[in-house]
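Each of the next two complexes has chain A plus one more chain, namely chain B in the first and chain C in the second.
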Partner chain A sequence: MSDDYVIETRALTRRYGAKLALDHLDLAIPRGRIHAIVGANGAGKSTLFRILLGFLPPTSGTARILGRDSQQLRPEDRARVGFVNEEHTLPGWMRVEQVRAMQQHQYPRWNARAYDDVIGHYHVLPQQKVSQLSRGERAGLNLALALAQTPELLVLDEPTLGLDVVAKRAFLESLMYSNAAEQCTVVYCSHQMEEIERVADNLIILERGQLKNMSAPEDFTARVALWVADIPFKGPEPHTVPGLLEVQRLDGLHHYLVLDQDERFADYLRAQGARSIRSMPVSLDRAVNGFLAKNHATPAAA
Partner chain B sequence: MARTVPLMLQIATGDPRPIVRQIVDGVRMQIATGGLRAGDQLPSVRGLAQQLSINPNTVAKAYAELTTEGWLESRQGMGLYVAAPRQRLSDTERERRLDDAVGRFVNDVIPLDFAADEVESRVSHALRRLAPRRTA
Partner chain C sequence: MYDFFKSELIRFRGWALLAAVVHLLALAFMARVVDLAQQPLLVHRVIGGVYALCGLLLGLYQMGTYRKPSQWLSLLHRPMAPTRVAFALAAAATVLLAVAVALPLLLVALWQHALTPRVVDLRHWLLPLSGALIATAAYLAGAFCSLRGWRWAGAALILLVWLLVSRAYGVGMIAVELIVLAWLAVLLRVAFVADLDAPPRGVFATAAVALPLQVAVQVLVLVVLFGLEMVWIAQGSHPNNTPTPPVGGHNEVEKMDPRDRMVAGLRGSHHPEAPLLREQIRLSDPEGLGVQVPKLPQYQELANFRPMEFDDGERRERWVFSHDDMRLHGYRLADNRAVGVLGIGKEEAPFPAVVLPGDGLPGMEPGDAVLVGGDTLYQYISAEHRVVPRVRVAAGETLMGGSPLGQGIGMLSDRALYFYDGRPLVEGHALMVPRLRVPLPGAMGDLRNLDLVELVDGHLISLAYSARSHADGAAPVQITLRTHDDGRIETVHTRALAYDYPPVYRYRSTWPSPVLRVATEAARNLFAPPLPLDVVRPAAIPTSMVWLAGVLSLLSFFGAVWLTARSQLSTVGRWGWVAVCAVIGLPALASLWLLIPRRESVEPLPLAHPAAA
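Up next is the complex of A and B:
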């Protein structure tokens, strides 16, 4: 295993009773840039982070973070990883200044300028108690603390969940334009495609504990297309349609959202009796949601 | 010293065109319509990224593509400038691209079932609207 990957898992498996949260996951995230991880609820993202940060042992397989086995992290390894979770959990009874001083004491590579750069985006006063901060201000404080520790890897788990537009924008700008963030690899978990489109260099899709995509967001979008065909009667059985993600019958027209199909899909539709056929590209949002919806559980009798 | 010309560019998320594409198309359009002129300096990668609230790598990708295509040129240590207009493609390549574009256009338009002269007049109207500003 090499140091070129900030995160590297091999056949990583975690079982909860009869359920596989991670299913022989092979994931290698290269150093540098901003990587977004997307997956439906229960895709295994939280389990993956817990294992990577050493809070949970795998059932089998291996997980390495910054080249170290995640089950044998030393304090100096942890100092190289920043983690920001969606709840922005910080001790509510402490004052902002006290939290900062405590973190500075813990991290030898503390970067005061990075802290000031980020916290300057927010109206946070040093003497304020953490419990008095708004959710957006706590998010900003959390990011400032994480970046000031000068991490090589920054893991963000749905960091902008529940933030208003202004706080969200401030958070993303700190992440994209602060000098401290440029030095580290960012792994970013989010459901918000609008954000991912603006922020991510690389799109990782997890589904049922397996890796389904690893590419630039626009390359993933290019794999998905919408075809609309006028097929009399019922049309082909959905399970026989190649690459089908989603089918809808609207006003008598069949709308097929398909993956990895080229112009020959038109021939397929024609062979199914289609009279008129159109196709168009779709947005990242539509592509990802269609992809995730494909394997979404539905009641057996539906 | 040349100063950065503001780049009046709008991008949209949730569009089928990726953001890189939107920037490339937008800059080419502004060069074609005279919004940007030869010798104008473009915003820095970081500056445009902040203006549009996007990842700087996305801007860098778009600028690289525009530079490869010859729309922009970099001056050592000074940034990026709009290149002097010149024919950037070989005659065969121009022919090929025109055929491609016409083919795509015809494909899109045929099912709309307009009369050919109606389509032609719309196209020439659209072309004429761009032409005078290019020479202005």
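Up next is the complex of A and C:
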């Protein structure tokens, strides 16, 4: 285990009854940059964060955050880790200024400028009650509070969930243009691929508690390609198609979304009777969705 | 920490102020109608129950809003130890409950003290503190239950039950409340950790949760048995409601009229005069001697068993006993003006023990009253505005009351029955000398019926000691005594009564865990004064019940060996639990199951096979 990594897990496993939420997960996230974690619902993201922050014990394996065993976190360790969740849980009965003052008292490395920088993106008045803020304003306040803590690691767990387009943009801009965010490692968990495409330097894909990918988003996108082939009749059986993520038949053409296939895939299609073949790149959204959808459970009869 | 404290004050201040105003208005209304300081124990219990409910709801609600995973994470993921967060939340709740509960009580006590002639003693000034302690304890219990759910909830709730069943009084009760509060604070500390499913860490924390949880399980067993008893009653075969009671047992004796009961007391007697005595009983009207002070008042007790006051109808005055100066304080009923203070005799000496008004005695003038306290019965003489001692039993005994017996009167203490001539009672106000003292052959707590008839030469007294024969009291027995005018006392007959209930019913509080039975009794009696009325002479525990308890302990031992083998306990922890289960029995085994989670396996299961990418 090394301090070069903000998050490091070894064979991390967590079982809920008969279900494995994390399955011998080996994950090492290096310091710096913005790391996006994506995965379908139930992929183990929330369980991973809860274990990393010491709110859940692993069934087996180890988890370290900022070099410390996640089950042994001290208050001073927690000061180094910011956390923003999807619900933006803040005391609704308090005024914005009171919340800020409370956080400022608790965090020794409080950065007032970082707070002002972020909160400046929102029309939030200090005397407003938190319960009176819109969801987007609460998200902004939450981000401002988290960044002003000057964390070494900032975990954002689906922070834009439920926000409208304007609020989402405001949130992302306040994150991307914040100096405080540049000085810490950000782990960004989201289902919004356009956000990840915009902010993430590193894409981590979890599926059923296992690590499936860790690379730059563009590298992952490059691994996925869409092949459109004009194949008379039925075409090959899906389970025989190499690297197949998704197949569709549109307007008589077969659309194959495949992983890690080079030009030899064209030869394969020709061998299956394809008369014309076209290959085209896909968006990160399409690539990730195709990747995650591949192993979705289906009814036994389907 | 102060920030959290302030935050919670801000959060609930509106509700606390509203509750305080409603509480104050309710108390003010009641104080207009009655003397709140003299309300009986039941009223205090109802009011205390409302305070506890308020505290419980606050704890459940407050922690209920925080225990949601995302809220919990936001609350605890900060550079502050969870203990400090918990302390801040609890401290805020304590202040809020003090405002809602203690402040209105204090204001009403101040009003009563300053603007009315009613008695306000030290014990009344303690009531706001007691109310706040009860509410805060209930808050801590609510918070604990909210955080840890039903598996752990019994540990906190049973500590609240302790407040209800404790036999402590006054300052002693405050001490019990403080102990309960401290214990619940420890429980909240144990529960208030990041992982809400984590078992208690360390021996102290485990014991703090496990012990009350075991008592809760023991109580739950009793509740289940009570439910079964209801089925028994519904079935119609319960000894209390069979068409005819079981022959020769407590219920049969209890349901007889006094004459039949006395005759039954001589059943099987070989006393030479037994036939004659039976005949005399049939020709006489048996009299009984009741207890006028069924619950002894205690110095500075927080609540009265019943109002410590009586009205002098002739003078239109009310006299109230004050614990502070141990004297009676009077005020006129017509205009609420104070009329003075009364002690004993011309010297107005303080009463040596707290007195309660009792029933009148023959020869008393209108306006007179009887007061009973300690070993003495006093008479308040309205015409002279004076209180004089009239009856005093032997030193160290406690007078329970008395009543006319033929031409004389009888007095009952916790250890003896006294006979007095009636003439001195009506002809003067001097201290009367007993004609005869008859030591009671059993303990007062076991005495159920006392009947007597006057004979030509003395009295025939029948005593049924069966009050706790349905539980673990004395073996039921009916004893017939005969007194003679020359002072002789003889036991005519001792008739053993049958048990109406099988041992498994009578010892239902004991066999699930004899150790916990002893512990809970000790807890109930903590800081409690001696209670002569409750003294019993328990019969020996039947061998069958000892065996039953032993077998259950053995089962508990094997159960603990099996359960702990499937847990994550260390070797020391494991065998510690096994030992505790062997000693305490099934309640300990249940607490082990509730507190210690099973060890999880990481072996892949069919449902959890990860798919290959």
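Note that in this section the second predicted complex is superposed on the first by the 302 of 302 C-alpha atoms of A that agree within 3 Å, B and C clash if a C-alpha of one lies under 4 Å from a C-alpha of the other, contacts with A are read in each partner's own complex, and residues count from 1 in each chain.
By our rule, contacts are C-beta pairs under 8 Å (C-beta built on N, C-alpha and C of every residue); 3 or more make two chains touch, one makes a residue touch a chain.
As the structure is a prediction and not an experimental result, all values here were calculated from the model.
Enquirer: Is A:Leu250 touching anything from chain B or chain C once the two structures are fitted on A? First, second, both or neither.
Expert: neither
Enquirer: Touching A:Leu53, do we find chain B (first), chain C (second), both, or neither?
Expert: second
Enquirer: Regarding the shared-chain residue A:Arg278, is it in contact with chain B (first), chain C (second), both, or neither?
Expert: first
Enquirer: Return first, second, both or neither, reflecting whether A:Pro91 touches chain B, chain C, both chains, or no partner chain.
Expert: second
Enquirer: Between chain B and chain C, which makes contact with more of the residues in chain A?
Expert: Larger number of chain A residues touched: C.
Enquirer: Contact-wise, after the overlay, does A:Ala18 reach chain B, chain C, both or neither (first, second, both, neither)?
Expert: So A:Ala18 only meets chain C here.
Enquirer: Just to be sure I read the superposition right, which of the two partners does A:Ala79 touch: chain B = first, chain C = second, or both, or neither?
Expert: second
Enquirer: In the superposed arrangement, which partner chain does A:Val165 touch: chain B (first), chain C (second), both, or neither?
Expert: A:Val165: touches no partner chain.
Enquirer: Once the two structures are fitted together, what part of chain A is touched by chain B and by chain C alike?
Expert: Touching chain B in the first complex and chain C in the second, no residue of chain A appears in both lists.
Enquirer: Quick check: in the complex, which residue numbers of chain A touch chain B?
Expert: That would be residues 33-34, 169, 172-173, 176-177, 193-194, 197-201, 217-218, 221, 276, 278, 280-285 of chain A.
Enquirer: Give the list of chain B residues in touch with chain A in this complex.
Expert: Touch list, chain B to chain A: 13-21, 46, 49-50, 53-58, 111.
Enquirer: Report the residues of chain A in contact with chain C in the complex, numbered from low to high.
Expert: 13, 15, 18-20, 23-24, 50, 53-57, 59-60, 75-76, 78-79, 81, 83, 85-87, 89-91, 93-94, 98, 101-102, 105-108, 207-210, 212-213, 259, 291, 294-295
Enquirer: How about chain C: which of its residues touch chain A in the complex?
Expert: 2-4, 6-7, 10-11, 69-74, 76-81, 194-195, 198, 600-602, 604-605, 607-608, 610-611, 613
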